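See structure below.
Chains: A, B, C and D, in written order; residue numbering restarts at 1 for each.
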Amino acid sequence: MSYARQMLGSYPSDFKLDADAEVLAAVIGAATDCAQACVTDTDADLSEPHLAEMVACIRLCLDCVDICTVTAAVLSRPASWDLLVVKPVVEACAAICRSCGDECERHAPMHAHCRVCADACRRCEHACGEFLTLMK
Amino acid sequence: MSYARQMLGSYPSDFKLDADAEVLAAVIGAATDCAQACVTDTDADLSEPHLAEMVACIRLCLDCVDICTVTAAVLSRPASWDLLVVKPVVEACAAICRSCGDECERHAPMHAHCRVCADACRRCEHACGEFLTLMK
Amino acid sequence: MSYARQMLGSYPSDFKLDADAEVLAAVIGAATDCAQACVTDTDADLSEPHLAEMVACIRLCLDCVDICTVTAAVLSRPASWDLLVVKPVVEACAAICRSCGDECERHAPMHAHCRVCADACRRCEHACGEFLTLMK
Amino acid sequence: MSYARQMLGSYPSDFKLDADAEVLAAVIGAATDCAQACVTDTDADLSEPHLAEMVACIRLCLDCVDICTVTAAVLSRPASWDLLVVKPVVEACAAICRSCGDECERHAPMHAHCRVCADACRRCEHACGEFLTLMK
């Protein structure tokens, strides 16, 4: 069981989460993994010989890192959510993961790091989508 | 002139910003200041004797730090914006700055740190609003 | 296999990591988990009735989040390390995880969230220690 | 007066800062400015036609962003410092600002964004040095 899932199960007993703990832990885990993968993908992209082809990928990864990081952080503080804040954050996360995943996928046949990163982006996009469906 | 404003004026000459550099630098500066103020306000709130009254303020400040930080970062990379990403980020920033500013203002008569922080939140909320109006 | 481990194994083939990929992925994973646990522990601490007793824990968690996050990020870009930068970052991470783990452990008998968080801190402190031993 | 300086002057009156508020606000301001400048310098570097020459600069800026951000955050919570944590963080910040400033300076004659960024790095390196001298 992930630390995120354990932590969400360990609140004071009279505390009631506004979201399903499994779904929430899944987004937190996926966003955290995606942020890490995008940091390393940027670093690996910069090690490739045909740099000009990697620029779009690097730019998307940089935004993806920052937005996945804030998504994981905001969702990791569930005790007093404001949906006016949480929803646009998760929407931005789904959007950047879709764009970044698409771009990484283009490079996946040539670069293993882009293939792994595309997978992390897809998983995070999917987890954000599940969360947003529940929050409607 | 802020570093943000100088940096935005120093792109390769054939590069055309998608937003007015003054407005953009104003949001970046306000979000950066607000993030810093909220970090310190959290720390100062935790130093107050009547802690239970400060919990809502601390919680809002924690979200405000993270969202202002990502807003400043995403806007500081203007070379290839995706409005599907940028807009919800700035909307989330305006929303959390409004809530955090309201709560800080409640404590402003008692605590100077909340008064300064409320001011930083208001300025960031206003700058985000100006930016969103231009982006419509 | 974690994304961190997969990503580190997917660099261009002529690239040589300066550190053992298993050890490196372990620190990245532990620091990422610890940052997440400390974000949630702060949120859960603020939900406890005896707040004054939780202040030290909250303060340490706040620093631990930021330092674990930067540690994971810097180590996730292994292509061109400067040990003058990497070493003090990991040393700061080991130090804050030790202090934060000690404080969380004090609360572990009363609060499950502090028990889980103490475990995440210990694991990260240990992983940082292994890494620093290898880097000597 | 910067928000950082105002915030540091607004703690509860019985609270005694462990560092001179002017020096502290100077590091916080310089680290925050440097982080922002490095985010934008990365974005501008990626817009240059001779990308291969910019790789070292991009890599250093990426680390500089993360380390300056954590430095500003940790120093913005002065209520309960642990020098075992604060000192290596500021040392890492001084080290990365020196390296990043050196590299940006090499590109300064060709690229205005690197010239501005070099200046932000130098100012932060200097502010960290002043702080470390005081903390001895």
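The definition used in the following text is that contacts are C-beta pairs under 8 Å (C-beta built on N, C-alpha and C of every residue); 3 or more make two chains touch, one makes a residue touch a chain.
Computed from a predicted structure; not experimentally measured.
Centroid distances built from C-alpha atoms place B farthest away from chain C.
For the pair chain A and chain B, the fraction of shared interface numbers is greater than half, so the two copies use mostly the same residues to meet. Centroid to centroid, with C-alpha atoms defining each point, chain A and chain D lie 27 Å apart.
Averaged C-alpha coordinates give centres for chain C and chain D that are 22 Å from one another. Note on chain placement: the centre of chain B and the centre of chain D lie 19 Å apart, centres being C-alpha means. Shared contact sites, meaning residues of chain C that touch two or more other chains, fall at 42-43, 46, 59, 62, 69, 73, 77, 79. Those residues of chain C that touch chain A in the shared complex are 2-4, 6-12, 15, 28, 32-34, 36-37, 39-44, 46-49, 65, 69, 72-73, 76-79, 111-113, 115-117, 119-120.
The part of chain A that touches chain B in the complex is made up of residues 56, 59, 62-63, 66-67, 69-70, 73-74, 77, 79-80, 82, 84-85, 88-89, 91-92, 95-96, 99. Those residues of chain D lying in contact with chain A across their complex are 42-43, 46, 51-52, 55, 58-59, 62.
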